[in-house]
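Following are the structures in question.
Below are two complexes that have chain A in common, paired first with chain B and then with chain C.
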Partner chain A sequence: MSLALAIVGTVFLAGGVFFCVVGGIGLLRLPDFYSRCHAAGMTDSAGAMGILVGLCFFAEPLVIVKLLTVVGFIWLSSVVSTHALVKAAYARGIKLENPRVRDWTVRPAKTAAAEAAGDVPKAAKVPSLDLAAMADSDADAGSTSGGEQGLAQSHGAESESESESESESESESESESESESESESESESESDDSEESRT
Partner chain B sequence: MDFPYATEVFFSAALGIVVTMSLALLRSILGPSTYDRILALNSFGTKTVLLIAIAGFLDGRPEWLDLAIVYALINFIGTLAVLRFSKYGSLAAATQPSDDEEEVPERPSLEQP
Partner chain C sequence: MTELPLEAVLFVFLLVVGIVVGRLRNLFGAAMLTGIFSFLSAGLFTLLTAVDVAFTEAAVGAGISTVLFLATLALTDDTERESERSWLAIGVVSLTGLALFFGTFDMPAFGDPDAPIHHGVGRHYLMHSWDEIGLPNVVTSVLASYRGYDTFGELAVVFTAGIGVLLLLRSKAAVMGAKAKPIPVRSRAPYVREMPIVRAVAKVMLPFILLFALYVQAHGDFGPGGGFQAGVVFAAAFILYGLVWGPRAVQGIAPERMLEGGMAFGVLLYGGVGVAALFAGGTFLDYSAFTPEHPSHGQHWGIFLVELGVGITVSAVMVVIYFVFTARPRPRLPKRKKGALAPPRLTAVPELPVETPKEGSS
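This part shows the complex of A and B:
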C-alpha cells in the first residue's frame, strides 16, 4: 500500500517537474512579455501543484495540511500577481510582438484621426470586442495586415520577426503583406490608403 | 518509509527545480524590460518555495514547510511591492492614478532603452 502511494507520488512529482522545466524554457524562449507571463503562470499553477501534491503522498497528515496550504496560497497569489504584472505592463505600453495578433484596445491611426477631426462621436472610443469581426480578420489576410498596420503605427515600431508569416502556406497574400509592412516605414499614408481601398 | 528510492526521487525533483530556477534567473538577467525581470523573479521565488519543500523531505524534516509558507507569503508581498514601486516611483505615493493625474508624481524611467 505504501509502495503504491509512493509510486503515485513519484508520478505527480515527475509531472510537476516536467511542467516546471517546460515553463522555465518558455520563460526564456518565448518572444513576448505576455507569452512569457503565460509560461510563468502555467509553471506556477501546474508545476507547483504537481510537486506539492506529489510530496503529499510521502507525508504525514499534519504535513499534508501544510502542503495543501502552500498549494492553495500559491494558486491565489500567483494568479493575482500575474494579473497585476500584466496590467501594469500593459498600462506602461509593453507591446505585443506577434504581428498577426491585433491589440483590440488600440485603434487604427486613420480612425483616430477622423475622430480627432470630429467625424466620429467620442462614445465609440474603445471598441467592444466583436467576435464576428475577429473571425473575419482571421479568415481574410488583408484585414489581418490592416490590424498589423494599426498595431505597428500606434506603437511606432515594426517587428522584424516574419518567421510565422513565412511558415504559412498562402504565399501570395503573405508576400503581399510582407512587402506592405516593408514599404510602410517609407510611406505610411500611402499604404494606409491602399489598405482602405482593398477592404 | 518503505519506498526504497525516495531519496533519488526527491533529489531528481530538486535538480529539475534548480534547472528551472537557473532558467528564470537567466531571464531576469537578460530581460529587456523591467516587467520581464519582475516576472522572472516572481517565478524564481515560487520555485524557491518548491525547493525548500523538497529539501525538507530530502533531509527527513518536513517541518521546513513552515519556511516554505513564509517564503510564499513574502514572495507575493514582494512582487506587489516592486510593482507598486515601479508604477508610482514610491511605496507611499497616492493610490488612485487615473482620475487626478496631477497628484501622481512622475514615474522614473525604469525600462532599458
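This part shows the complex of A and C:
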C-alpha cells in the first residue's frame, strides 16, 4: 500500500518537475510576452500543483489539508495575477510576435467603418496597438456584468472626442501609458524590460 | 549534511541575484529581484530551521518591501540615471567589503559546539524556557519575554519610521484618495479594479488573508509566527483592498485617524504591559509578576498582550506608509529619452468618476 502511494506520489512529483522545467524553458525561449506569460503561469499552476499534490502522498493528514489549501490559493492567486498582467500588457500595446495569429479582439467591421469616416487614422496605422479595442471589450464585459458603468459611459463619447482625449492624455502625464503616438520600437523595448523583470 | 548541496545552490543564487541587482539599471526589475533575494534568504533560513526568521523574511522582505519599492517607483522614474563613476566611492566600498570579509574568518564554524552562542544565555534559554515561560516556541519566549527590551526597541523603530514617513511625505494636497484628474479610458492601461476577475478573486481571498493574519498572531506561542509577521500579513490584506478598490475605499474601513491611533496604541500597549509589571511588583516587562503564585500564567498573558501591541503597530505603520506613498501626486519628472519605458503605475490610481456601485460597497 505504502509502495503504491509512493509510486503515485512520485509520478505527481515528476509531473510537477516536468511542468516547472518546461515552463522555465518556455520563459526563456518563447517569442513574445504573452506566450512567456503562459509559460510562467504554467509553472505556477501545473508545476506547483504537481509538486504539492505529489507531496501529499508522503504526508500526514493535517499536512495534506495544509498542502491542498496552498494548492487552492496558488490556483487562485497566480492564475489571476497572470490574467491581470496579460491584460495590462495588452492594453499598453505589447504586440503578439506571430503575425499569423489573428487578434480576436480587433473588430474589423468597426475599424473599417471608423477608417472610412476618417477619424481614427492611427488605428489603421498601428493595427495591433488596440487601446480602443481594449476599452471596447472592457465596456462590453462591464455592460454584461453590470459593474462597469463608468467605463461604458466614458467610452460612449468615443466618436467625437478622439482628438480631445489625445491631448488630455498628454497633459495628464507623458508616462501614464504608452499613448498612441509612441512608435513600435517602444513597445519592443517594453517587452524586453518586462522579460527582465519576470526572470 | 544531506542538505548541504541545496544550501550551496541557494547561496550561489543569492550571489547571482545580488550581482544582478547591483548592475541592473532598470529599477523595476531590481525591485523584483530584491524580492527574489528575500525569498532565497527565507529558503536558506528554513534550511537552517530558523523558521520564524524565514517567515519574517518572506513576509517583510519579499512581500511588503517589494510593494513599497513599487510604490516608490510609481513616484519616481524607474531607470537609474547614468552617473559619473566615483573612484573614491568604489575604494571606500571595496575596503569596507574586504574588512567585512576578513571579519568572517573570526567567526566560529557553522555548527561549532564551542561557538560563544552555545555558552552564553542561549543555553539557559533552551534549557529553562519551558519551566520559566512555558511556551513550546522558544523563539517567542526569547523575543517577547527574555529579550522584551530589545523587541520594545524594535517596535519603537517601526513606530518612528511610520512617524517619519508621515512627517516627510504627507502633504495637505495628498490626503488619501485625493481627487486626481481621471485619465480617459482609451489612453491608459486598465486599473486593476476594472478587471472583474481580479475583483472577484480578491473578494474571495481577503477574508482568508485576514484570518491567516489572526492565526499567525495567536499561534506565535506554539509555532512560527508572532506580532511582526501577523502585522505585515494584516497590512497586506488592506493593501490588496486598496489596490483593487482604490485608496478611498480603504479610508472608508480604516480612517487615517484610526491608523495613526493604532500606530501609537501598539507601542503604548507594549510599554503599558511593562509598566503594569512594575506596579505588580516585578521589574519592567517581567510578566511573572502578574501572577506570582503561577509565574508562567503571567508570562502567557504578558506575551499575548505584547505580541498584540507589536501586531497593531506594525500593521498600522505598514498601511500608513503604503497609502502615504500612493496618495502623493506624481511629481513632474524631466522628459525621458525617446524609447524609454514608462514607469509602471500600479498604485497611485485616481478614483474613477463613477465608483463601482454594487460590488465595491459590500
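The definition used in the following text is that the second predicted complex is superposed on the first by the 103 of 199 C-alpha atoms of A that agree within 3 Å, B and C clash if a C-alpha of one lies under 4 Å from a C-alpha of the other, contacts with A are read in each partner's own complex, and residues count from 1 in each chain.
We adopt the following convention: a contact is a pair of C-beta atoms (placed from the backbone, for glycine too) under 8 Å apart; a residue touches a chain by one contact, two chains touch by 3 or more.
Here the structure is a predicted model, which means the values were calculated and not measured.
Participant: Considering only the touch criterion stated at the top, classify A:42 as touching first (chain B), second (chain C), both, or neither.
Facilitator: neither
Participant: Looking at A:83, would you say it contacts chain B, chain C, both, or neither? Reply first, second, both or neither.
Facilitator: So A:83 only meets chain C here.
Participant: On the A-aligned overlay, A:92 touches which partner chain: chain B = first, chain C = second, or both, or neither?
Facilitator: Both partners, chain B and chain C.
Participant: Return first, second, both or neither, reflecting whether A:10 touches chain B, chain C, both chains, or no partner chain.
Facilitator: first
Participant: Pick one for A:73: touches chain B only (first), chain C only (second), both, or neither.
Facilitator: The answer is both, since A:73 touches chain B and chain C.
Participant: Can A:20 be said to touch chain B (first), chain C (second), both, or neither?
Facilitator: A:20 sits against chain B, while chain C stays out of touch.
Participant: Could you list which residues of chain A make contact with chain B in one structure and with chain C in the other?
Facilitator: Shared contact residues on chain A (touching chain B in one complex, chain C in the other): 73, 77, 80, 84, 88, 91-92.
Participant: For the complex, give me every residue of chain B touching chain A.
Facilitator: Counting only chain B, the residues touching chain A are 1-3, 5-6, 9-10, 12-13, 16-17, 19-24, 26-27, 30, 33, 35-36, 38-40, 42-43, 46-47, 49-50, 53-54, 57, 62, 65-66, 68-69, 72-73, 75-76, 79-80, 83, 86-87, 111.
Participant: Once bound in the complex, which stretches of chain A touch chain C?
Facilitator: Where chain A meets chain C, its residues are 73, 76-77, 80, 83-84, 87-88, 91-92, 131-132, 134-135, 138-139, 141-142, 145-151, 153-155, 158, 161, 165-166, 168-169, 172-180, 185-186, 189-190, 193, 196-198.
Participant: Please give the residue numbers of chain A that touch chain B in the complex, ascending.
Facilitator: Touching chain B: residues 2-3, 6-7, 9-10, 13-14, 16-18, 20-21, 23-25, 27-28, 33, 36-37, 40, 43-44, 47-48, 51-52, 54-55, 58-60, 63, 66-67, 69-70, 73-74, 77-78, 80-82, 84-85, 88-89, 91-92, 94 of chain A.
Participant: Mind listing the chain C positions that touch chain A in their complex?
Facilitator: These residues of chain C touch chain A: 24, 26, 28-29, 32, 181-190, 192, 194-199, 201, 204-205, 208, 330, 332-333, 335-336, 338-343, 345, 352-359.
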